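Same chain, two partners: chain A is paired with chain B first, then with chain C.
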Partner chain A sequence: MIKLYDFDLSGNCYKVRLLLGILGLEFERKNVDFFPGFKHRAAEFLAVNPLGQLPVLEDGDLSLRDSHAILVYLASKYDGSGRWYPTGDAALLGEIQQWLSLAEGLTATASAARLAEGMDFDFDAEAARKGAYRLFDVLDEHLWFREREGSDWICAPAHPTIADLACFPYVMLSEEGGVSREDYPAIRRWTDRVKRIPGFSVMPGIFPAQLGS
Partner chain B sequence: MHDKTWVPVANSTDLAPHHVFQGRLMGQELAIWRADDGHVNVWENRCLHRGVRLSIGINTGSELVCQYHGWRYANRNAGCTYIPAHPADAPARTICSKTWPVIETGGLIWTHFEDRDPPLPELPEGGAALRPLPLAAAPEMVRESLAGLAPEGFGPLDETLQARGPAGSLHLMVQPADAGRAVIRGIVQSDEPELALLRRLNLFLRSARDQILAQAALTPAPEPIPHRPERVSEELAEMPEMVSGPARLRVQVAKKELVAKDIVALELEPLRGALPASQPGAHIDVALPNGLLRQYSLVNAPGETGRYVIGVKREPESTGGSAAIHDSLAEGDLLAISEPRNNFTLRRDVEETILVAGGIGVTPLLSMAAALKDDGLPFRLHYFAGSEEQIAFGERLAALGDRLVNYIGLDPEKTALALKGILKSPAPHAQVYVCGPAPMLDVTRATAAEAGWPDAAVHFEYFANTREIDTSSSFRIELARSAVTLEVPAGRSILSVLQEAGVAPPSSCCQGACGTCMARVIEGEPDHQDVYLSEAEKAAGDKILTCVSRAKSDRLILDL
Partner chain C sequence: MNTMTQPDPFMLNQWYPIASLQEILPGQPRATKLFGQRISYERNVAGALQVSDGSRALPVLEQYGCLWTSLGEPDELFDVPEYAEPDRRNVNAGSVGVQVSAQRGIENFLDMGHFPYVHTGILGALPHTEVKEYNVEMIRDGREIIATECLFYQPMASTVSTSGADVEYIYRVPHPTCSVLYKSSPMDEKRLDAIALFGQPTGEETFRGHMVLSILDDVNTDDFISYFQLHIFGQDKPILENQMPKRLPLDPRAETPIRADKTSIMYRRWLTGHGVTYGTIPAAA
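Our next item is the complex of A and B:
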């Protein structure tokens, strides 16, 4: 059985839980008390990931750190539709990687602001917010014109990819770090669409977009 | 900050299906959403309950549901239709989200905060709306900075931010979001391919924005305009609706249609403005041309807020109400009606709902069924009709699919048997709603009690009280609040004595069926003759319907 080293309030762990849920995969959760326990820095977890970062996924003999690496692996191995990470489409793979890198930037900015405001991490919240707004601006413009071209998603024309899942959590949690989405209407519409993907699940701070879900 | 004009606050494309757009105008946060009927709502972005942003709520297509405690507000009139924490009470009609006027033209959504509508914006026909560009700078300064800039192919923007050139014409607007925040919006008309042009103008606006922001950085940012939230007091929020007497609303009969044998449907439209919100189970009083006041349940589904729909059956023993509607009322006629009242509130916190309709009693249950279906809650509607041709509102019934069960032409004995089947096993989290003729309701009441349903789980709506009222007693009433003592002689009702003394509660049906004239009993034993209170309520003895019920004791002390 797949095993996930997980923390409820982590957006990067949530990305992985999202894809696991959408693909309908069973998995075992191993909770690592990131806050306030700081157990990701304890020797026991450093033996699993020397970088001391969540999440980590174990599947058989494979142990993977880095949420985006895990998304790539899960989609390539378990997604029968071949849509979440279309390995045969070079251009699309390039685009997906480009947005996974932007998602990495969101972790360094929007997520950092959230850790500084909500969990007392010693980051420069103001600088983090400024960085987040720059990325939001790029994402909003991209999505606005994607809509004009008739596409609802960041990369592929007709369906979401792991790029959407990678960008979603720290966009959606941004207000906890004082980053407002008021000025980014195209982003807000896209987050509604992500929430309506079949198999979508929530985490603390992220509400469903429809009743009864 | 701006002259009296309509101001654009969103692009039409911002209002995606079932999305709630977060906007801002002069420091006021807005929740803007489009309902499934196409209507665009511009509301204050605060739930009246705890002030949570409605823009994080859920647009069901007909209602906006607050994410926090689930308060629901109706399309158009913004009236609160349901409070989950008080599932058995109808929300007070005064709980209504703040709304502003709206027009949609040129691919933009416009509103204003003036007392009366300013003239409509003069816009050329057609064109495409630009990608809006928000920026943290004073709106006035943004306007001044944009004037004179010359986007390629359009020539310089004049003082009204319009430009015309070989590429076409361009019209920019500056939405004053706050003292130090603005959104640049615009409409372009051109023969150039649209997407490439929108991209080009987006680049132009982005570089204009960067220039303006650099300039704005040199002056201190203005203080935001203070926000003035409107809230409803806890007290009001938790109090069931106060009833009001007279038929104060004026409506026009927009449509009169025979929907079954001897049943007409009336669609009533407001003469101006929006109709007050209604909830499933609500009814209105209709003042008829012949002077009678009659109650009719609303058939309206959630979000059906543009008109009230009622069904009226011609009663052979009619005292003139149904005959007046069938024979003398025509499309285009004006009617006086009351605001909707709800004595038949639908709970939406239960696991199963059983709806039982007899004949024209289907009307409030149709409204309930549509609401339950919308919410995805399990229910079944059992509809007893005399014959196929007496089945009314076929289209609405058809929409219920297999959740509708018809019983056609059953005699009283078979009806009783069918009811026994429907109510055979009381479930702990189920509720039953019954509306129909009095004999059927009496049988249902007895059957439910026999099967072990608790009183509180079975709800009745009588059309009329067909029991004979015994008015032979005489007694004294003391009004605790008014400090008045009155004698009620044989042959007169408590209500008429109260009316004479000028201290009467509102009243409506005057036959013990609608519950409007209810008063609280502080002391004394009521002699209940109504069909409105449940057996448990009657036994508790702390409420009385003053129009028909009397006293068994020598005196009653009422909380009036």
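Our next item is the complex of A and C:
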């Protein structure tokens, strides 16, 4: 069975759980106590990933670190529809990669602010927030134009891709780092649409589209 | 937000948790905040804990897996006798920063009404939303609030639960920013698990919640017990951080309570009675 080295409150782990759930894949969660235990820096986990970063996915003999690498792999291997990562469409793949890189930026900014405020990590929260707002500006404007063109998603016209899943977690958790989404209506509409993707799952800090469901 | 507002005497003269003891490594000084004031602490190579506000040494107490200190002159810290029972698992589940006043955090901790909506499938489930009648009183000459006979249907009450059950809760508030809840143990029907939220007011509108558990669980690892508690608290966090105003209003007309809020009503009245202003919006005289 697919095994995920996972931390419940990590947005990067969550994006992998999201896709696994959407694709209906069974997987085993191996909890790595990132906080408060800092077990991602312990020898046992460094043997799995010398970078000490979560998540890591194991599938048969394959061991993959980096959440976006994992999304690329899972979608390419297990999505029969070929829509989450359309390997035959060069332009679209380029676009997806562009937004995966923006999602990396969200990890460095919105997520860093959240770790500083919530878990006392020694990051410059103010600088991280500033960086997050710059990325939110770009994403919100992009989504607004996509809506004008009749599209609900970051890249493909008719179907979400792994770019949506990659950007979603740290956008949705941003308030924990003091990054407000109040001024980003297109982002807010898009996050509501992501929550309605069949197979969508939640994590602590992110609620379903319908409370109590 | 003015983080340097001076605390009122009742708040000032309390012990506050500032760190989980397991995180303090010998010879590695660390810093945190209390009432907006920078506080440094260190376990020296001889093993002694030292706390300072930069100009003077502050009192030190090691209790319930936490380091406690005070900027005032505190009395004895409240007792949680269960913590000393030898067969319990005492776990520091994590210290989490929250962007709202500590009293808002405590009030949320005391509330059962949100379980089915916020902790769906774990501490509550629709349609089981009713908070049944329970009892609230002051004990120990008004030094502590206690709520008893609280019953709530929970699908997965603890780390060792295997099915849903009506769970009995007792809540204690022995401190303006600390609360201990007791709930029936799935392992032993005669005993209760204790789960504490110890609030460190870092500012008027921010706190760190130190979560300490003293429970009966001979199955799970500390990592999993911590995971479970952080999962629950992670669900509370966005709700707490979206509360407006961020300080707790003490005027009974400011936020309309319902019957299920009896404990909260008593808590707000108790804070008012002690003249608490820090982290609150006091009622106009």
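Details
Convention: the second predicted complex is superposed on the first by the 211 of 213 C-alpha atoms of A that agree within 3 Å, B and C clash if a C-alpha of one lies under 4 Å from a C-alpha of the other, contacts with A are read in each partner's own complex, and residues count from 1 in each chain.
The criterion applied here is as follows: a residue touches a chain if its C-beta (ideal position, glycine included) is under 8 Å from a C-beta of that chain, and two chains touch if they have at least 3 such contacts.
For clarity, every value in this text was computed on a predicted model and none was experimentally measured.
With both structures placed on the common chain, the touch criterion links A:Glu149 to chain B but leaves chain C unconnected.
Contacts of A:Pro36 after superposition on the shared chain: chain C is touched, whereas chain B is not. By the touch criterion stated above, A:Gly178 is placed in contact with chain C alone, chain B being left untouched. Judged by the touch definition given at the top, the superposed model places A:Met119 against chain C, while chain B stays out of reach. Once the two complexes are overlaid on the shared chain, A:Phe207 sits against chain B and chain C alike.
In the superposed model, A:Asp8 makes contact with chain C only, not with chain B. Shared contact residues of chain A, touching chain B in one structure and chain C in the other: 207, 211-212.
Put simply, chain A touches chain C in their complex at residues 8-9, 31, 33, 35-37, 39, 117-120, 175-176, 178, 203-207, 211-213.
Remark: chain A residues 141, 144-145, 147-149, 181-183, 185, 188-189, 192, 207-212 touch chain B in the complex.
Across the interface of their complex, chain A is touched by residues 20, 22-23, 32, 92-99, 116-117, 120, 126, 208, 222-224, 226-227, 230-235, 237-238, 241-242 of chain C. Considering their complex, residues 10-11, 13-14, 16, 18-19, 21-22, 24, 56, 58, 60, 65, 67, 131-132, 134, 194-195, 198-199, 202, 375-376 of chain B touch chain A.
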